[in-house]
Every structure is written in C-alpha cells, then in structure tokens.
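As written, the chain order gives the labels A, B, C and D, with residue 1 at the start of each chain.
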Amino acid sequence: MNSELFVIPFNFGLYFILIYSVVRSTIWFRNLSRADKLRLQRGFFGKPFMQSIKEIFMESLLHRKMFKRNAMLGYMHMSLAFGWFLLIVFGTIEADTFSARHFNPPSHSIFFRAYNPDHGAYGLERVFSFWMDFLLAFILSGLLLAMLKRFIPGMMGMKKTTKHTWIDRIALLSLWLIFPSRLLAESFTCGAYGSGSFLTGNLGSALASVLPAGDIAPYFWWLYSLALGTFFFLLPVSRYFHIPVEMFLIFMRNSGIKTGDKPSSYTEVQAHACSSCGVCISTCQMSYAAGINDMQSAYFIKGLRNEKDIAAITANCLMCGRCEEVCPVGIELGPMRMIERRQGMRDVRPLKFPEGYALTRKRNFLERVPTQSYSYLADEEPVKADVLFFAGCMTHLTPSIIVAMKKIMDSAGVRYHFMDEKGGVCCGRPLMLAGREKEARELINHNSDIIWKSGAEILVTSCPICYKVFNESYYLETRVMHHSEFINLLIEEGSLRLGYLHRKVVYHDPCELGRGSGIYQEPRTVISYVADLQKSPQEENMALCCGGSLGNLTLSSGKRALIAADAARILTSSSPDELITACPLCKKTLGQATEIKVTDIAELVAAALPRPIPLAKTRTKKILAKTENNG
Amino acid sequence: MKIDGKKRIWAEYQKDIPDDHFFYVRSCIRQTFFAGSEQTFLKIMRDDLGKDMFEDPRHTTCTGIGYHGDIVPFETIQTVVARHFALATEAGYKNIAISCVTSFGIYTEILETWKHFPELLAKTRESLYEATGRTFELPESIAHASDIIYKFRDEIARKAKYNLVDISTGKPLKVVEHIGCHYAKMFPNYGIGGAEFPHVLVGMIESWGGDVIDYPERRHCCGFGFRQYLVQANRGYSVFATRKKLESMEPYRPDMIVANCPGCAMFMDRWQYTIKEIDDVTYGHDGQGIPVLTYEEMAGLILGYDPWKLGLQYHNVQSLPLLRKMGIKADPALRFLAKDGSRLPEPANLINS
Amino acid sequence: MSENSANKFGFTINPSRLINYDTSDRKVRDYVTRKEPSFKLCFACGGCTAACTAGQYTSFNLRRMNTYIRRGEIAPLREEVTRCMLCGKCLLVCPRGVNTRNVVAVASEAIRKFERNEL
Amino acid sequence: MSAAVKHIIVAGGGVAGMEAAGALAELGHRVSLVEKEKKPGGHLLQWHALFPDHRPADEVKHYLNVRIKNENITLYTGTGVEKIKHHGHEVVVTLTDGTAINADAAIIATGFDLFDAHRKEEYGYGIYDNVITSAELEDMFTAGKVTTTDGSIPSRVGLVHCVGSRDEKVNNNHCSKVCCVTAVKQAIEIRKQLPECEVFCFYMDMRMYGPYYEELYRESQEVYNVNFIRGKVSEASVNINNRLVIKVEDTLAGRPLKMELDMMVLMVGMEMSKSGTLLAEASGLKRGVNRFLETGDHHYGNNLSSIRGVFYAGTCTAPMNITDTISHARAAVSETVRYLNSR
C-alpha cells in the first residue's frame, strides 16, 4: 500500500459530522427552557442515564420495537445498526491489539485491512478476522433485506413506505455502498495477499484468480472511503440524521422533557429524530381505508424539518393518535401537529440544499389573530348541584344517550343538574383541535364559570371530546368523569341494580376517551357487568378511529364514510349482536356504516335497569364520600 | 331594444280620451310649487287648442296625501271625491281632467271600488247628501292632464316654435321620462301604454323631436312615497330612492327629466340640492344638475312660451343651459321680477344659477 | 359630512341594502370553493342553522353565511363568520355532505387573507 | 275481448296522441289520428335533448314515428278537431275543415300551449334583446351555438323559473312540473357549451320530483358550478351597454339583489292549449282547476271525460313530463278498450 490519500474523504466526513453534532446539540441545549435545561442535566447525571443507555441499546441498536412489529423488519434494522456498531467496536479493538501504537485515529481501524493486508494468518488474528468477516456478512444480510424492502415493502408488514427527497436518495446510495465496497476492497486486498477469512478470503482468492487484485483494491478503498465520507457529510440534511439525534432525544425524554404547546428545541429534536421509517403511514386509516397517502406523520415531520408548506397536511389528520402509539422513535406526533395548528399563517420558503445545515431555525410566524369571538355570551344563572351532567353538542343529536343517562341517574337517585339541557356552549375542544386556542379559552372560561358556581363535586359528560378538554384545559376542583366512569362508580358503590342482558357485544374505544384520556378499563368493566363482552381485533391503545373525528378539518364526508366502513367491518368481524361505544360521534358515524346496532354504553346499561324505583338521596352522599377518597 | 315590442304593448293599453269639455281639478303640489304649469296647461288647452276647460273655485284637495299618510279614512276620501263629481255634475261636465297623479290614482281607485262594491257607492251618495245635500252622476271619463296633452301632442307639434333638439348639433335632446307610480302601476288599463312601458310622456317627447332614455331604474319610485317624505326621520329613504334613479340615468347624460306627477317633479328637483349638500354630488353635464320639467312646462317651451312665465326659475335646478341648447332666448336677469317689474329676492342654493 | 347634514336636514341618506352582484368582490368565494369544494353543494336547507350551538346565543346563521360568501358580501360575512364555535354539530346534519365546519374555518382564513390583499 | 275491429279517433298528434294511436293500432283497431300542424310530434319536435339524462329528443321522436307507422292508422294533418259529441252508439267528430267523422270512441290528446312570455311584461320579452324562452334556447342548442343577438358569446346567463306558472297575476296557479328540471338541464348544457359562462337559476322552489332529477341538480352544482338564487325576478331592464339588468330578492340573504346578464332565459310553463279550449267549449267538456280538462276522478278515473266514449290522454288534463304522458296515453287506451268491450 503506497498512498494513504484515500482516507481523506472519510476523515473529512467523520470530523465534520462529529463537530457538527456537538455544536448543534449544544445549541439545542442552550435553547431549552431553564426548567428543561435542569431536567436534562439531572437526566444526564442521574438514574435516567442508565435508563437512556439501556434504551439506546435496545431501540437504536437492537430495534426491539421493530422486532415486536415484524421480525424481519427488526432484523434488518438491527443487523445494520447493531452490526455496524459491533464492526466499529471490534474493528477498534483489533486495530488496537495488533498495531504498534495504541489510540490510533478512527481511520486506522476502519481501513485496518488496507494498512495490514497480510493480517489474519494465524492465532488470535485468525479469530478476529473471522469475527470481522462474520459481522460484515451480518450487516450485508440486513442490507440485502433493506434493498428488497425498497422494492417490495409488503414483505415486512409495511403497507406503504416513505417517499424520499433527492438528498435522502444520495445518502441512501452512499449508505448502501459502504459495506459492499468494504467487502470488495478487503476481498481484493486479501486476494492479492492470500489473507482474509471465510468471506473476504474466499471471495478474494476467487477474484484474484481472474483479476489483478492488487491493482484494483485501491479503487474500492477509495470508493469505501468516499461512501463513508459522503454519508457522514450528508447526514445533517438527510433522514439519517435521526441516528445521532435519536440518542439525544432519548436522553431528553428520559429526563422528563415534554413537547408542550409551542415550538422549542425539543420539537426540533423530535423532528430530526424521525427516521421516516413509514410505520406511521401503514398504521394510518386515512392511508389504507381512504387511500390518502401524503398526509401522514412521516410527511408532516419531514415537511416541518424542511420548512415546507404543510398547512394542508397539518389540518388533514384525524388526530386519532394511532401513529404515536407505534412510532418506534416515540415522537409525540399528536402534540407536534397541535403546535403547528396553533401557529398563525406564515410565509413558507422550503429549504434549499445547503440551508439544511443551518444551526438554528428561524420560523417567522405571523401572530395568529383570533378569528372567532364570543362576546355575545352572557353570564348564566348559577344552579347549585352535587352532580353536573353535560351532554355535549353532539349528544344532543343522539337523544337516546341523554334519555339513558337520565334513567340511570334517576334510578341511582343521583341529584344532578342537566347543565346543557337547553343546549349549552361548546366545550372548546373542537376549537382547540382547529388550532384556535385563544378562542377556545373564551368558551372554557364561560363554562368554567357555570361549573364553579354550581359547586358540583362531579361533572359527568357523555362526550369524550368534552371529557378530554374538561380534564386537560379547564381549571376545576370538580371531578370530571365520562359517563362510563360514572356508571362504573355507581355500580361499584351499589347504587344501580342491574339485570344481565344476554347479548354478545363488542366495545369500540373512542379515540378521545381511550388513547386520548387513557380510559380503557371502566367501560369494559361496566359492559361485562351487564353483557357478554367480546374482544375486538384492534382495541385499547390500537383501537380504530370511527372516521368522524373532529380532529380532521378537511376530510371529505366521502372519505370519512370509507374509514367508518372499514372500521365497522373490523369491529363487527365477530358478528356481535351490538357494537358498543361511548361517544355520540362514534355512534353516529359507525351507525351509518354497519347493519349491526350501534349502542352507547349508557343505553346498554339503561336497558339492563329494572323498572325505576326511587332510591334514597343518601346514595349520592356515598358517591361524594367515595370521590373525596379518590382525591 | 325592439321598438315593435313596445308598440305591441302600447297598442294593448290605449284609452279613450274625450275631445273637449273638461272639468279640471287642480293639484295641491303642482299649484304650490309649479303654479305656472297649471296656468300653462289651461292656456294651451283654451288658447292654442280652443278647448272648453271648466274650473270650479269650490273644488278642494282630494285629501290623497292624507289618505296615503294614513290620516284620512277611505270613507272620507270617497265622499270628498264624490263632492267633486257633484260639482262636475252641477256644472254639466262628464269628463274629468286631473292635474295630480295622486288624485288620478285616487279617482281611479274609487271608481274601480264602486264598480265592484256598489254598496259603497250607495253609502257614499248617502254621506255626501247628509253632509252637503249634493247628488252626483259618475263621470263618463277621467283623464290625467298628461293624457290630454298626449292626445293633442301632434297638434302641438304642428304649432311648435321650438323642438326638443340641440340646435347647435341638430341632434335630438336626451329626455328622461318619469311616470308617477299612481298613474298606471295600480291600474295599468287606465294609463296610456300600461304600467311597465308607459307611453304617455314618450309619445309627447318623440313627437316633439326628443329622444327618450330607457334606463334601468326607469320604473323606480321618485322617492316621495308619502310616509317616506312626510315623516322627517324617513326622508333618508326618499332621498336614497331619488339618488338611485339619478345614478342610474347619469351615464346617459340626459338633458332633462320630464315627469307627469307633481310630486315626482318636485322631489327629483329638490333632492338634487339635498344630495349636493350631503354627498357633495351634482349630476348632469359637468355637474350642472339635471333640470326637471313638468310636461306642461315642456309643452309651453315647445309652443314658445316665456320660460319665466312658465316658472322654470322656481326650480332648484336652473334650466338655462337647456334653454340655450333649444335655442330659446331667455334673459337670466329677468328671472325674478314681480308683475310690476320690481325685483324679487333670488332664492338661495339654486343649482347652476 | 353626515353629522352636519343631519343637523341641517334632520336626516341622512339611507345606505343601500342592495346586493350589487356586479360590483361585489367574490375572491373569498373562489378561495373557499377552491379550498373546500363541498361548499358548492349547499342547497340552503338551513339544517346547519337549526342544529347550530352558537345559533342559540346569537344571530349566527351558517346558511346565510354561505349565501354571503356566494354573493361576495364581505362586510356582513366578516361579522357572521366570527360567531361560529366550530363545534362541528352541523357536519352531522348536512344532507349534502358539505364540510360545514371547514367552510367556516376556511372562510375566516379567507377574510384574513382578503384584508391583507393576499387573495 | 271482442275480436271486432273498432274505429277510434285520436284528437292531437303529440306524444300522447301518437302513443295512444300506436297502442290502439297494435290491438288491431282502426285509428284516425288528427293533428292540426303539418306533421305530428307536438312540442317534442322543437326539443334538442331531454332531462334528466340529456338523451337526444330524436330518439323519442323516432320511437313515436315508428309507433304510428301502421296501416291501421290514418293520419290527418293540417286540421284540428272542432267538436266531439256522443250520438247513439257512436261519437261524431267534426274537424276544423268541416268534415265530420263517425267513430266508436275518441281520445282527446290536444296537449298544452307554452305560456306566452309577452304576458309577463316586466321581463321585457319581445322588447329587450336577449330575453328568450326555454324553447328558443333549445333551438340554439339544436343550432349548436348559444349566442346573444349581436352574435357574441354570453358571459352570464340567467334562467328564470316559474314564468307563467305558480303566478296568479297571469291566472296560472299550477306548477308546470317540468320547468325546474328543464332549467337545470339547460343550465348544464350552457356550461358544457360555454365553460367560461356563469349560469344562474332564479327559483322559488326547486321541484326535483322525478327519478335522477335530484342527482342532476347535485351534478349541476358539483360539476358544473351552476349558481342558484332563491327569489322571483321582479323586473328586467337594459343599461347603457344594452346589458340586461334584473332585480330579485335574494330571499336567503333577505336582501334585494341586482345583477347584469347577457341573456335571460324564461322557463315558460304549460297552459291548456287554445285548440283544446275551443274543442272543450264546443263539446261541453268540463274543465277543472287552471282550465285544464277535468277528469272523471283524480285517482282512478284520470282518463275519463264527461262524454261517453270520449277519453283523455296526456297534458290536456294537467302538466306532465314525457314519461307520465306516455303512461297516461296507455291508460287512456286501456280505458277506451274497456269501454268498447263493455258496450
């Protein structure tokens, strides 16, 4: 080996990306809020540290979540990530062990074979070169799968795979070139010197028998170095930036940093930590049920990263939260989209090639002036009550639910006030989902005022949409309960005498109640108490969206119908007598999509009631006592 | 515009106008604001056409303004009109010639009502007899004064000293005709040419050499509308209506407006001043305003009467440019002279004085 | 002008209530139709208005709002559009499958753009 | 039924008359079909395409012409029917040319007249250029080009519904049933021919009662961007550019609306035909609401007249679309045959 010039591209790339990553993460750190800075520091020098290391090992290297999802997909990612990791580790050890000096530059181990062409003849060297060959083979096997995945996504349980920018394509190409070129470079070298193990050795001698291996080898070392260099250099502007950034993200998350409600360096880190793996796309009902394939989180995040005009994408999402559940990187996709929706209009200019390297983003939003105003709302006469019942706008279109709730509460002897009996003011959640935070506040204040003045202990609502906003965005001392929780409570404390209905039913988790508010158990307990609850193929955190979601502003009624039909088909696959849900919107949407009767949990329970007998008022006292214990 | 189409309609709406012997009833507004007009009408009829026009000094207002202003009940107005018929009967006249379009509307309305409800006629006869001891015959014909001028328009044309023509170019003048709502909108068959395309003024203008302007708001009310005008707070509607018409005719650059209703002539003239004050806008050729003439004044000019005897100087929009165009010699200095030649005070705020 | 004329005459000239289709500006309509094509399908049954949550508290009338958009009556539209609570109840009522909630969202956006001369 | 060949006179050679004659001839009866115009076909002759599917009117014309190509049918054209009376076992029919024909039965299918748009003076039909009727628009479609009188392409066309229908001012309280859907059909055809042209329908109610009508209405909004304004046009005039100016209340906005148009199409409704009226008066046939012929029973005797052996077919009894007219004509035939057999 005469010249060593071929290491230059590699070194350039490597040192560039190392420095760049350090600088970039420092800036990210600096832009964090004081609280988050502290969190991150504690996270680094505290218990979370080990947790993060473990997570990085499990997820970034072994890709456990990927394995869970699909073995082959997991293996692919694992072989590339973990394999490469090991290759570097053992490469360094090897270089360290068998070279004169310790602490060599990285290039020394990466191009070890180039420097030591005859290495690996006997003893420990043999073992090492065998092991290195094995790792290379391991990686190459993964690479093979990756290439296949590009062309036949289906094979790894992926319905769709992400479309890439031209930079991503070059980066991808260079990534793909790295290992084959290393293989050939090593093989030719080994061929020329008759060294090498089962892979490089045999391939080398085979090649040497027909070609002037010694002369060809340098070209492939160049190619190898170039591939690495290019890859490292393009890293910050390609999807592969997620490799380093994801680790940073893991540290931030484990130190307890949350997305919050405005753009921050945490949202930026999350945006860069997305590998565009496309899992979100194939999980998205809008994709596989309604054939919309360009609005999913992967594209949202990519658009965010590249400063594209993503207004349409941002608005066109059911906000069902399924993608967040499956995101292998654990990006808070819901909150990320909400932040974007809250932003005002802005003059968007997609980033051109070099701008991607910019160390800080300046996103020039126009302050979003409120488009709505509810000054016309007058204060209402306060009404005292132990329990407030708020049906919600949608529920007024499903009177059967209201009737059922009245029956149930009467039969339990609950002293309640029907807050929006004559149709109340909207809870504000729909405005929030539409990104109109300020306007929503107006409504929230109006309703809060009524609730506070009522002095109620419990606020029961029949609408999960209201439930979520009451819980998250209202400042109340009143305990907020969805009617499924409340009914469960009534049953527990024995205020309800219920018969058993011999019906085979399936429960559909409403997005806002399930994933949205983590209420999975209570409805199931209640239903099993009065009927025969069957499992449904996709439930709890992976439950389907009915398609009616208010989260989506732009989805056409036609597309909604497609999603509803698909969801209904899956939910009723076990052909139950009834499909139970706990949301008026789900009830309406699914009701139009299936022949099978769609019933609200309240209606089901009301059906199980005996003829109403007036009960002692003391019952509610019990409820209240209980609620105080609960907090 | 297809003129045959209009002729077809005009043919459908013709009415018999007697040739002679009219009982003339005056108009409150016309005799107050356009005193010259009624004089001119009688002069034309008597001197130029040699007709017998009878006037009874005892005849009164028809109370139409009070009626449309919800002050005078229907029974009352029927009796008042019956009294006029009685005066005509006593004088032995069977043809009524009405100066005012509001009155014309009232007369037709009442005669129609009596046709369909004879009991009301009987009751009116009773009340009139009780009140005045008078009895009456129903007139054989009622004509608006403009109907009569219309009938004799060609005869007037033959005697014409001037035409509705710009003598400097020889081109016909552009004339806007405005028909009072109550002339034909209530009873199309009583109006010459009907309600949608009345011919009464068009006929005069065309046979006197002018061009008629048919503009989008031609049918629109002048804005008087009784309640709109009588209640001060509502006058904004009245002016608004007039402005709407003026804006709509403006692009045609009209030389003058002719109305057969005294109220219309009055408001389309006076409101031009009001609009000038409020909006600072004046219409017509280089902001000289659009002169509004009564058909009597128009006929008078054609026959070569002295504009100042016609009373043109008492319009808010002065018509000197128009007179110049028609080649009529009129000395502005002589506008405001009393009979004895003494100078009268000149009204303020005249447009294009 | 109007005050002293009011002093002078005791009245002012009434403003026009006319929808002048030839002078009104329909950029907002075109924007809304482009962004939410289902808007075209409204046949003014008034179901939305009947169901309307905000409608119980104020004169908000989605049916009339749609008409204003179609006629290019910006002034009353600007007023009307702010009152909606975007609760989406009307979505469930519309017999023509109009994406009513987004019509309001887009309309308010359009008004903003209109005022910034971006339409 | 008796095999004896009977002779039936059908008065009126429009859709109803031709269908009735054809059906009777098919049953082997002898038919005299009397049409006052030069050739049979009635109003259909001047129609270009039919709602709700835009099918060429010629297809239906062809069907009817084939229907009456039958040696049992004698066709009299250029002469109307003046009088029909029942005499002994027969009906005696007097034609306008004086000739009297005896027959076993008669079917009256004198149809309708289109409302004469001149009668709505305020719309200025026959006075302003570019105010035309729906029938005249069909002629333009047939000619293949929709232009204003000066030959230019209209940039805005307004279609005015209910001209001569649902209007007591012209003494027609009835709904002519077919105008709404015709307006929508024509609006779409204009948009197809002139994609740059704005089209407005001014309606009081949209009466889309038939199969595929509502779909057509939806399509006109969704695909062809036809505009609909709910309000009855009160008057039309022309401005200095000879452009039509119409006034209407936009009842949905609750405000008056003014709009300039290059062309205004009056959707003229159906009226009892003059010839039919004369025939009815001469023969003493009862006439019902809105001057159409009064049938024996609105529910189960809708083809029966007040004269024995005389039956009604089609729009002489009420406005109908082609589908209903043909069914009604067939019903008249079955009533006639029932009568002949029972005699």
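A few comments on the model shown:
Please note the rule applied: a contact is a pair of C-beta atoms (placed from the backbone, for glycine too) under 8 Å apart; a residue touches a chain by one contact, two chains touch by 3 or more.
Values in this document were obtained by computation on a predicted structure and should not be read as measured data.
Chains making contact with subunit B as well as with subunit D: C. Counting steps between touching chains, the shortest path from subunit A to subunit B takes 2.
Put simply, the chain closest to the centre of the protein, by Cα centroids, is C.
Of all chains, the one whose mean C-alpha position sits at the greatest distance from that of subunit A is B. Per-pair counts of C-beta contacts peak for the chains A-C. With centres defined as mean CA coordinates, subunit C is found 45 Å away from subunit B. Distance from the subunit A centre to the subunit D centre is 65 Å, each centre being the mean of its Cα atoms.
Chain centres here are Cα means. That of subunit C falls 40 Å from that of subunit D. Residue positions of subunit C in touch with at least two other chains are not found. Chain pairs that touch one another, listed by label: A-C, B-C, B-D, C-D.
Residue ranges of subunit C in contact with subunit D, taken from their complex: 17-22, 37, 40-41, 43-44, 63-64, 67-68, 70-71, 73, 96. Against subunit C, in their complex, subunit D makes its touches with residues 206, 217-218, 221-222, 225, 227-228, 230, 250, 252-260. Contact residues of subunit A toward subunit C in the complex are 345, 369, 371-374, 376-378, 393-394, 396-397, 422-426, 430-431, 434, 436, 443, 548, 550, 553-558, 585, 588.
Touching subunit D in their complex are the following residues of subunit B: 1-2, 4-6, 8-9, 194-197, 214-219, 251-252.
Within the complex formed with subunit C, the residues of subunit B that make contact are 232-237, 239-240, 243-244, 274-275, 277-280.
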